[in-house]
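Every chain is named by a letter (A, B, C, D, E and F) in the order it is written, and numbering of its residues begins at 1.
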Amino acid sequence: MVDQKYLEKAEVLIEALPYIRRFHDKIIVVKYGGSAMIDEELKREVIQDVVLLKLVGFRPIIVHGGGKEISRWVDKAGKETEFVGGLRVTDKETIEIAQMVLGKVNKDLVANVQTLGVQAAGISGMDGGMLKVEKKYVDGRDIGYVGDIKSVDTKILHDLMEQDFLPIVYPIGMDDNGDAYNINADEAASAIATALKAEKLAYLSDVEGVRLDPEDPSSVISELYVEEAEKLVEEGVIKGGMLPKIRNCIEALKDGVSRIHIMDGRIPHSLLLEFFTNKGIGTAIIQESEEKYWNE
Amino acid sequence: MVDQKYLEKAEVLIEALPYIRRFHDKIIVVKYGGSAMIDEELKREVIQDVVLLKLVGFRPIIVHGGGKEISRWVDKAGKETEFVGGLRVTDKETIEIAQMVLGKVNKDLVANVQTLGVQAAGISGMDGGMLKVEKKYVDGRDIGYVGDIKSVDTKILHDLMEQDFLPIVYPIGMDDNGDAYNINADEAASAIATALKAEKLAYLSDVEGVRLDPEDPSSVISELYVEEAEKLVEEGVIKGGMLPKIRNCIEALKDGVSRIHIMDGRIPHSLLLEFFTNKGIGTAIIQESEEKYWNE
Amino acid sequence: MVDQKYLEKAEVLIEALPYIRRFHDKIIVVKYGGSAMIDEELKREVIQDVVLLKLVGFRPIIVHGGGKEISRWVDKAGKETEFVGGLRVTDKETIEIAQMVLGKVNKDLVANVQTLGVQAAGISGMDGGMLKVEKKYVDGRDIGYVGDIKSVDTKILHDLMEQDFLPIVYPIGMDDNGDAYNINADEAASAIATALKAEKLAYLSDVEGVRLDPEDPSSVISELYVEEAEKLVEEGVIKGGMLPKIRNCIEALKDGVSRIHIMDGRIPHSLLLEFFTNKGIGTAIIQESEEKYWNE
Amino acid sequence: MVDQKYLEKAEVLIEALPYIRRFHDKIIVVKYGGSAMIDEELKREVIQDVVLLKLVGFRPIIVHGGGKEISRWVDKAGKETEFVGGLRVTDKETIEIAQMVLGKVNKDLVANVQTLGVQAAGISGMDGGMLKVEKKYVDGRDIGYVGDIKSVDTKILHDLMEQDFLPIVYPIGMDDNGDAYNINADEAASAIATALKAEKLAYLSDVEGVRLDPEDPSSVISELYVEEAEKLVEEGVIKGGMLPKIRNCIEALKDGVSRIHIMDGRIPHSLLLEFFTNKGIGTAIIQESEEKYWNE
Amino acid sequence: MVDQKYLEKAEVLIEALPYIRRFHDKIIVVKYGGSAMIDEELKREVIQDVVLLKLVGFRPIIVHGGGKEISRWVDKAGKETEFVGGLRVTDKETIEIAQMVLGKVNKDLVANVQTLGVQAAGISGMDGGMLKVEKKYVDGRDIGYVGDIKSVDTKILHDLMEQDFLPIVYPIGMDDNGDAYNINADEAASAIATALKAEKLAYLSDVEGVRLDPEDPSSVISELYVEEAEKLVEEGVIKGGMLPKIRNCIEALKDGVSRIHIMDGRIPHSLLLEFFTNKGIGTAIIQESEEKYWNE
Amino acid sequence: MVDQKYLEKAEVLIEALPYIRRFHDKIIVVKYGGSAMIDEELKREVIQDVVLLKLVGFRPIIVHGGGKEISRWVDKAGKETEFVGGLRVTDKETIEIAQMVLGKVNKDLVANVQTLGVQAAGISGMDGGMLKVEKKYVDGRDIGYVGDIKSVDTKILHDLMEQDFLPIVYPIGMDDNGDAYNINADEAASAIATALKAEKLAYLSDVEGVRLDPEDPSSVISELYVEEAEKLVEEGVIKGGMLPKIRNCIEALKDGVSRIHIMDGRIPHSLLLEFFTNKGIGTAIIQESEEKYWNE
């Protein structure tokens, strides 16, 4: 006889069946950041998760930042960092360091995916002219090479996915002169998901999700219609650091992304649990026309 | 916190990753018969398993017989059945009944697959002229409409798979005059797997696998090179009902099938366990050039 | 010298030229039933005709019923048949018999086409989920597994035609649970022709066409605009058994079929005569925008 | 009732069925010349025949000469014509006239085909560099712009056929300097058929076929293997004007053409009779591996 | 060291870069006529220019007339020519001569292009039924086989360009009966450019461009918006022989051609200078939405 | 009149015609290094040259190193560098710096190409698993993360070129564990050219070419067959720093590259001069079967 353990394994796989069917050929943008980029074990698991999404027929794209590596190298170069309105003032040398660090982080991820047997192609927002930017001003002040996204040319992403590559993107864009600019990784992920009309945008970061009561971890909401999210913003329930994130999400949903997920990247295999089991992780914000499905 | 149960689920999925990669786009012929066709629960599970294989990127083909239904309808029609050399003497009326029963069983399977959200196309060996046969003689005796496969035209199977259908095949072939003949389902599965150079041919039947000692269920061998199988045949270890099955397997492996599996269809989700976990089910017979992988 | 006989043959072929050009690559749905299914000589001729249509570049599809075979097997199984509003009450066993008989009739047609050197693929309305049905009620009464067509998914038909197969269809559909239902073959042919925006739908049955005077065989009308047909219905000229047939035709024409033909299947090679000579057979009902062409 | 006349028409069409299947997608090169180019009625019939071949799925190519038109225009221009070894000495002005006349004849054929609803493209051997030639010398004597074919680039023919055009070719080639040369139309047809590995090369000219006794019209041979033809040449049975034609045929058959037909273009619809009925016209010379089929 | 001469060569090539990029894959119709067809040196240069346009990725099409060759052959045939409203009265024999001469001129161009290593296909307006015409009447008078273009079927042009051929077209069209008609080459070029929505239509003829003062060669305008051209026509600045040409241009621009160029074909390599340097040749008439670029 | 200057420009373009035709669709690998990477003016010119090659229909690929930037950043990080056998000992931190610097240099090139209107995609040898390496040992000594190329998977390059991207590659490869290794850029260019069977491999570096007399700059050889190069090596004429370069070339030519060019990157637009004029730059080494073409 086959023992119980194996039958349970089979059940887990069968449980995944409707999700595999539902997301077949669908574009999933994963914003990868936070602890999941630093902790080696979590990192390994995130890569495994994305590789599995790709192998079962989804079309995932990773968008990543540089985590704390950029600051580490800026320090190493002996530079002092100034912040304006929460944004790093980015002079020529700083943008060079950012480019270098992000490029290296990118290829580490590429190598990790390749060793799991899936083709990866790491690109910046400059390749194929994907992310066109203009200089961002903070209260009218020039803070250097920090860019706002003006347009997204998705051709290179479509071409790579068509050829069966998993695209891994880092958020350096360029202006009309070909100068490189740093872009906020959350914004880049959101702009890319919007331009691709992605089925889902998943933010992996160090929050548990949206709380009804900021002080109460047990008050995390599992699913919200975009209108409900807007109402919570208006009513002041959503506030603090979560506020800009949610505003960003609301915009992306209105522009065509079907479903955005704010996930706790500190939970092992959170992507898998979210995609393949009935265990919802964090908070999903969805379009009115979608049915909430964790209540099923 | 996410509880332990979910982390274990994630582990099961991750464990499947190398198998999903290994069989990507590979043709898997599943000979479906025995208890798994009769027991409604087992039947549902086999369909789920094959649908999952399809959804994660394999290219499964089901070949099925009629189980005990043919005999039931022959009885219903008030016919007496004669057997020669273990084969049913098949007159005009009997072949008509066989065609009718197999056609109906086929569409039931089609309906089951369709309701799980995967496209299925049920065909006989006559569609597209797939299975060409000639009359089989037993010791020179004409036993009616029982056929030996002369050639396999795989065009219709390739076309259907190309268009993303799961082909479900029943073993009625035709001779040059267009007359229908019954074919042994094991032989049909083996001929189709050979013609397609399938990656794997899985026999789902009511045996646990090949035993070293026919009396000892614990003596099932998990993996054999084709040469080893030949030796066991020569040495008389393999005998009885298993003998023709194994001879059939040896031939198919020599003609290009990579791996043949004799599986116990009475075990729930045996296909899934075999394909996605490190639990080998039954006996695999493999080509010399393949590495045995359960020992890893 | 070549004798007169051969020159006349050449003339016949040349006469076919404009018709061959006109229907090039056009979809022709042939509803096959009545005497032409029973008489072996007529049957052979219909198959020849359809094969010729295929070979000269048309895209024919055969939709067939089971003729009197279903009743014969229901009787054989010792069942009594009840009719409600002209429709057979179809219990579980009856639908099984219908499926079996239709499946077998289908493969006989497949074999006949294949032996003429053309690829055929026989499918039911369940394959590829082509015909989705819901239970039909007669005056509120449940008459079992008899279905009304809810939707037609033409993917499997397009795929087969694309791969150069002649599709042969039998009218068993399925509901959302995957249960099989019998469908009226006329309705199935009409629904398929409509969904494919077929160039022509030809009904082969045992009527000479639409008569102005039901008692007078010489009053058969050769061509009618759909508006004229509607008027004849309103005026009560068309009545009796012809009435539902014509109503069905009117609907299909309004939904995109260009031309419907009610043909006498008892005439040898009626399809060929209709398609390739200036001899109109039976009654054509056409859209306003089409020109009547037998008057040319 | 349908009268007998129509049933006979149907029989003629059905008789064509095996031939339509046999030549499906096959390349047929028709050398068009002789009376069939001059007599308006015969011309109209040849065009109808080729158009029908195209419409039922064959891939015909017409290769034509200029008939007596070239001589007429040379006379008109007041030039005297010299012949060496049966070939016209072709000075600069003569080749210009040949080009002009052939070009015009070509477009007349194009117009005739187009008005029957089939796309035609008329090209010379210079278009796409199809026919590369070198100067032909007769007993060492330069006879001007008369060319021997050095190579055939079939790209333009394949491209046109692929796009569903009927190619109509006239035999002007060019040398490496781009100078135009006249080519014997029989040679051009044979070289093109060879380069395309055509299924059949049909010569339409004013002969009844190959005679066993040159004096006896009733001694026309209907079918010869290429070896038999060689033997007849060796034995001196084939002689006179037929000799170079047959030598040409023998070479083309050895180089890959399957079947060459010497047909009497004076018989109305000779192409149709040859292709679609069991009435063989003229003499077929075939490869050993082909079965003679008029004897069937 | 590399001497100055080579660095200047490199500069010329680099200067061409933005133009090569701008016209990549764009359709350019070149109406070829005037001195550039007669002078052998100019002819060679025009061919080189068009071949270069093709090789660097543009999609040029040549449309040509017969220059003075038609008159020369009409004279040769001893015919008198009558003109009505500036148009040659074209009887049956004249249209035949026109067809012959144009066909020959066409193949000369084909040969010239082929010897430069680019594939050319020479076609008339009858091939593929490209130019459909109806008889032109001058003040109600029938002047024979002179046609007005009724419709342009661009399929053959698209097919040839798709297969990498340079199409070379001569302006003989046909009416519904298949009769050939002469068409004004300027009108044919304009109709073809319009039907293809060409990026540019370049007229190579013996004028320097549009003059503000007809008497002053230095008053040539280099660039005009279509509205400006209309105003110059209204104000009577453009008059005489230039008037119909400009009216023709205005119409084509309104129907979708982006830019029309009236170029002096007597200048060596005028096409190259126009396309690849900042030296504008002759007069460009452009759509409002285009930016004038020689002023850059 | 058009002045002389413009006619000379046209001549330069016409002179380029045979070269544009010859290299149409051909793969050209450009190893970019030396002064041409440092001098901003030369850099701009190289980019212009490669962009022009791309626009006129060649398929160029840039392979670049990091020039002196890597050393600069290693110094900045306060590391001492040890060399063994001329190779930098590359510890973990050094390989990280190399990756970062090369990644940044790469994206600068991408930006430069993009601003000229051509799509560029910058990749490392790790993307798509293109360059697989194993650790290089110098006299048995482990010098860290310096790799020898084991295999080249050209899929990502073919995919990018197919989609009209100009690939820009930097020579970081990975071993089976996914660890990054530095590769000599000359070796990477040569391995890539070999794997792609490139038409030409052009080395842009600070040498004038191969000299017969190392002391005499005027003794540069313009063209050598590979056998002649081997002889010069044997005879000791080629020696010093040129020796390994030439050995590398000889190997690549034997493995399928058609033609290798050692060019002086200090000459402005050396690529253009080499490809589009009859001015040969540096030394070409070619296969026996190629004709030397500067002597034409």
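As a working rule, a contact is a pair of C-beta atoms (placed from the backbone, for glycine too) under 8 Å apart; a residue touches a chain by one contact, two chains touch by 3 or more.
In this text the structure is predicted, and so the values were computed from the model without any measurement.
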item	value
Approximate Å spacing (C-alpha centroids) for the pair chain A, chain E	55
Geometric centre distance via CA averages, chain F-chain C, whole Å	68
Centre distance in Å when chain D and chain E are each reduced to the mean of their C-alpha atoms	37
Touch-based graph of the chains, sorted into line, ring, star, complete or other	ring
Sequence of chains encountered when the ring is traversed from chain C in the direction of chain D	C, D, E, F, A, B
Chain C - residues contacting chain D, complex	1-2, 6-18, 20-21, 24, 45, 48-49, 51-52, 55-57, 116-118, 267-270, 272-273, 276-277, 279, 281
Chain E contact footprint on chain D (complex, rising order)	76-77, 96, 99-101, 103-104, 106-108, 110-112, 114-115, 119-124, 126-129, 155-156, 159-160, 163, 165, 172, 174, 176-180
